[in-house]
Amino acid sequence: MRILIVNPNTTASMTSKAATAARAVAEPHTEILARTSKSGPVSIEGHYDGAIALPGLLAEIRDGEAAGADAAVIACFDDTGLEAARALARMPVVGLCESAVATAAMVAQRFTVVTTLERSRVLIENLTRHYGMAGRAKVRAADIPVLELEDKSSNALAKLRSEIELALHQDGAEAIVLGCAGMADLARMLQADYGVPVIDGVSAAVKQAEALVSQGLSTSKRGSYAAPLSKSYSGLVSALALPPG
Amino acid sequence: MRILIVNPNTTASMTSKAATAARAVAEPHTEILARTSKSGPVSIEGHYDGAIALPGLLAEIRDGEAAGADAAVIACFDDTGLEAARALARMPVVGLCESAVATAAMVAQRFTVVTTLERSRVLIENLTRHYGMAGRAKVRAADIPVLELEDKSSNALAKLRSEIELALHQDGAEAIVLGCAGMADLARMLQADYGVPVIDGVSAAVKQAEALVSQGLSTSKRGSYAAPLSKSYSGLVSALALPPG
Amino acid sequence: MRILIVNPNTTASMTSKAATAARAVAEPHTEILARTSKSGPVSIEGHYDGAIALPGLLAEIRDGEAAGADAAVIACFDDTGLEAARALARMPVVGLCESAVATAAMVAQRFTVVTTLERSRVLIENLTRHYGMAGRAKVRAADIPVLELEDKSSNALAKLRSEIELALHQDGAEAIVLGCAGMADLARMLQADYGVPVIDGVSAAVKQAEALVSQGLSTSKRGSYAAPLSKSYSGLVSALALPPG
Amino acid sequence: MRILIVNPNTTASMTSKAATAARAVAEPHTEILARTSKSGPVSIEGHYDGAIALPGLLAEIRDGEAAGADAAVIACFDDTGLEAARALARMPVVGLCESAVATAAMVAQRFTVVTTLERSRVLIENLTRHYGMAGRAKVRAADIPVLELEDKSSNALAKLRSEIELALHQDGAEAIVLGCAGMADLARMLQADYGVPVIDGVSAAVKQAEALVSQGLSTSKRGSYAAPLSKSYSGLVSALALPPG
Amino acid sequence: MRILIVNPNTTASMTSKAATAARAVAEPHTEILARTSKSGPVSIEGHYDGAIALPGLLAEIRDGEAAGADAAVIACFDDTGLEAARALARMPVVGLCESAVATAAMVAQRFTVVTTLERSRVLIENLTRHYGMAGRAKVRAADIPVLELEDKSSNALAKLRSEIELALHQDGAEAIVLGCAGMADLARMLQADYGVPVIDGVSAAVKQAEALVSQGLSTSKRGSYAAPLSKSYSGLVSALALPPG
Amino acid sequence: MRILIVNPNTTASMTSKAATAARAVAEPHTEILARTSKSGPVSIEGHYDGAIALPGLLAEIRDGEAAGADAAVIACFDDTGLEAARALARMPVVGLCESAVATAAMVAQRFTVVTTLERSRVLIENLTRHYGMAGRAKVRAADIPVLELEDKSSNALAKLRSEIELALHQDGAEAIVLGCAGMADLARMLQADYGVPVIDGVSAAVKQAEALVSQGLSTSKRGSYAAPLSKSYSGLVSALALPPG
């Protein structure tokens, strides 16, 4: 089984971290194919970055499927482009936020997502509502720029811990969801420290992707995710030659 | 006052139709600036087209604001790119679906949106939920490809009428919302024929844009719509040089 | 275009303040017709006052429409009598709370309504839910009796500022809605001071009324707002001779 | 114990029917005090009638409490004036719709309310949502003017039966709620005929009123239902001298 | 009328306390039949205890109905087994949480449930949501083991008072619901002390049971609560010989 | 990895079918341990059967964990006992309905669950709401007694097909969820026939269980699922000696 991990920002060290997290939970027979977007911002922080990342992301989805991927993971906690990628692909495509909250809901009744910046807090709160978790999930921002997570000397971890502690003591959180792909390497340590489940979105999504493939499920092509209609494209995006055929 | 109408698909005749609808309801002192996206699909039908249209759309938002627009309307009923455009701009930006359902809710307690293709039905249903209208709005698809609305010889109008009649008799609709920018020219005729309010999204959005400007309101830059952080962009989208500064 | 502003309490200075706010945002060709109810309480604070104000309010709606109004605004943030007025009138009728939250939702994803007394807080919270804003709007009471807003020597403004600051820092509010018609004169100053959109209900409602008229929309007479059936009325309200014909 | 039944329309035969239904379920020691409003419409059909009935209704609530009532029932299925009456009174006040849906929810998981006219259908649907029954209750209108229920020769009963049968077979209703005070005499017969619980709002409300009094509960005066503030009233409603000193 | 009170835990002193509370509010002609489960835990604290108590509880429901009960109350605030008991019985069966929140909602718009242990807090929060009170009810845990309520020398009352005070001052509670059957003896005292309605679930449920019987209502046997199908049972539960017939 | 499948009814052929479905999707290194409850009904159809099955189910959970299981699946689509099992166990425990709807939501935006009997329809509808899928999932009953699924000569399959076709054509379903563990053998065939994803709950749950174990997640013991407190048990359930310790 080949699982494609697409990092929709252009920072290769984040792709690498996601791939490592993915391989740590993947089955022995699963091959992790990690791709970094070739077009877009160096990090995704808020609605604008998420939008501008889409053509690059969709090109990797298309190319990855053509190269034989059986399922794809979009490695950004904002689940940017998830609906469009499902329309484009036949293979299953899963998002980090979607996978992480579905996972958290199986080990806890109430949980808190801790994300990076305030500008992403409401965005993720809206996502958790869309996924049906309005009454179960709270969202907190730890005031950490995404790329600060790549810098070991930053105090990002201290900020993250501080917000996790507030979640446990003020929100009544029974589990914690790490709300950024760049936090994938921290889940096990934090889980050990706090004694509650700590869910990393990359790991959760890889397992969901494997689960869908194992069950022989692919994205429904009836209704919302019907394949894009054949039509003309102009300008920059025409260079992407999307969709195929 | 200058209101920018951005057509996020590349079909100029739809831009022209939207501009005509906009001018029909705009105040005498409002100038309507209509722009057609230079990069993207000829029509937006479903999640994929909506995503691929974003860079072109956002470039027009940026350029339009730089050229002095006081507010912008994204002339696609899917409200594609609305959140990203608000993050990019300081001026108010409004969507067609958002404006149309807010408008319908002031003249009716229950209403039905009639859109084009089945692939857009759930997308718009999700939007109406996001806008808080889950219990008030139903959505129907009339099985009309968007560009068929540009072809006078098609039976698009007959299909649309048929679905409106089902809305009135089966849904208990008290008003009808036309769920595609390409239907902007039909609202008044259908309202006269059926004797219930028929709302066109372009008209509704232009009035909301004017209303926001008149009240001295601009997009909040606190939280969700904070201005994009300055960062590097690679690949195709770097050619757009977005965001400015 | 003639927009009727009905103040459903009997305090003329509040009518005057609302009319001033209305004229400040109205189009040059819009005539603002302000009427003060002749029957009811001097201020509306809670459910009881809102109910007892209805006959006087409805008489002004009827008389205002007969006198040629094209749309009406009920100038009380509780939206008292809004549904009844819509059933009575053919012209569009809009409420302050309804208009203000629809407006706030176009410039911010999360916002807080600051109203006067605790007894109105849950009432307005229920309204915002009814308008579909349950997940987006918080409501706070600043402990200000309505008529204190008419007294420049009171510390009403200080209380209001204090609650706005809590909204910004504790609620994560991206915009503020002023939850009383009597605060209409304060919006621009507070917006300048706090750097976030501050929405006044009277201004918002006038623009919605103009928007509906410009679009050729009137209240649906199909279903919820069908015209009152002709029937006998006894006692006090029979003196009102409502509804006409 | 003395339970006040206020009929907020001015038709004495409906008061009498409600009083009969009330006495049929009341405890032996409960005295039913039935009052007909002296000011308002002969029947309440839709938002306008409900609003215009309020001063007359509130006067009876006040006078009934002064005369020693321990609790009150507002005998109209629209629960018109319920919040205002609670603010005015210290005694508990209950509504028919509120009581009937709470009762139905204890004998069935899904039920349908059958009301009179289409104009009341959405009004009652909104009420059931406000009472938290959005997912459990459906509402149907049987196209019966209220006063037709007073006319034995009408085909009102046939229309009602037809709608109940649709509720059972199309809605999956497990119980039926009769959505008009004027149907109070029909519940037992229909229950026998259809073999499912059939709930009459008057009966349900009387039992809720007794229940509250037996438990020593009265309307909370903290927050939403705080007693009306002392203030001046002008015009017609000033003749009502409400609220008491 | 005979009302069966089933205590689903095996602690007789709690049965006795519930029976006393029941008799204090029951009508003179109502006979209270109190039964203690013969199989299960000494107290119900959380999901596991609630599940393990079911066979014992259901046996008492069956035997109580066979012995002539007209309605039953399950005397545990978790409403454990409520749906199963309704399927088993023809008589009405009511729960404490269900009855208490329906009662609170008639005297207050916002209220707080104060329960015993943190492990029950989310369980009751989920119940209040299921009963449609998501927006009206908050839930707090006072950190009191259930059996501590039976011990007069404990500081359970002080903990309870402390949480009630937080509910009034932080939640804006207009009424308090006592969230454990073992608090039934405290309601009147606390109501007197705090001046807001304080609702005890046992009292509320007894009145709902009486109300249903007085109205001639029994559990719907159409759909969700259809009688158990006749089938074989093995193992321990076969000793219960459930269901009859 | 050892995954425990507990069939909470006492019909061994259903356990066997579930184990076969489980092994078909499990990873090569996953051992499926299937256990049939020793105490309870031969099939679970509705609330009563679900309740009476709990002690037998919980005994198998306890014994299975003691025997080294790493995670458990409760093989009944009603998710009976899921919360209690999570409180009892440290290992993750997953339900069929919960897993199936989370899975369906990753390949489709709208889907329909087809279950067996009408008495289970609302039960599952309530479950899907509890899991946050109120707006995405419909539920239909095919009028098939559970054990009829074990009888190849029955017309169960024809009834199931008929309901799937209604789901596709009337509900706009984009995927189908089979709403009974006894349908596990039919998913692949139906998926091939209808060309939309068809999800079997047993398969979905096994993959979720594996996913949780691979991620090193176990049930949170903070809050809702805290381990049962040590206390006395009487009567039948005391023979189960639950919980351990």
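Think of it as A, B, C, D, E and F in the order they're written, each chain with its own count starting at 1.
The rule is simple: a residue touches a chain if its C-beta (ideal position, glycine included) is under 8 Å from a C-beta of that chain, and two chains touch if they have at least 3 such contacts.
These are the chains along with the protein names UniProt gives them: A, B, C, D, E, F = Aspartate/glutamate racemase family protein.
These figures come from a predicted structure and were not determined experimentally.
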Smallest count of steps, each to a touching chain, taking chain C to chain F: 2
Chain groups still in contact once chain D is set aside, others held in place: one piece
Duplicate of the D-E contact set - from A-C, C-D or A-F, the pair where over half of the pairs recur: A-F
Interface residue overlap between copies chain A and chain F, same or different (over half shared): same
From chain B, the most remote chain by mean C-alpha position: E
Whole-Å separation of chain centres (CA-atom averages), chain C against chain E: 43
Centroid spacing, where centroids are CA-atom means, of chain B and chain C in whole angstrom: 28
For chain A, residues contacting two or more additional chains: 86, 109-110, 118, 121-122, 126, 134-135, 172, 223-225
Category of the chain touch graph - line, ring, star, complete, other: other
All chain pairs that touch each other: A-B, A-C, A-E, A-F, B-C, B-D, B-F, C-D, C-E, D-E, D-F, E-F
Footprint of chain B on chain D - complex, ascending: 118, 121-122, 126, 129, 134
Interfacial residue positions of chain A with respect to chain B in the complex: 10, 37-43, 45-56, 58, 81, 83-84, 86-88, 118-119, 121-123, 126, 130, 145, 223-226, 228-229, 231-240, 242-243
Contact footprint of chain A on chain F as seen in their complex: 25, 27-29, 86, 92, 94, 98-99, 102-103, 105-110, 131-136, 168, 172-175, 188, 191, 195-197, 199-200, 203-204, 207-208, 210-212, 214-225
Chain C residues touching chain A - in the complex, by the definition given at the top: 109-110, 135, 172
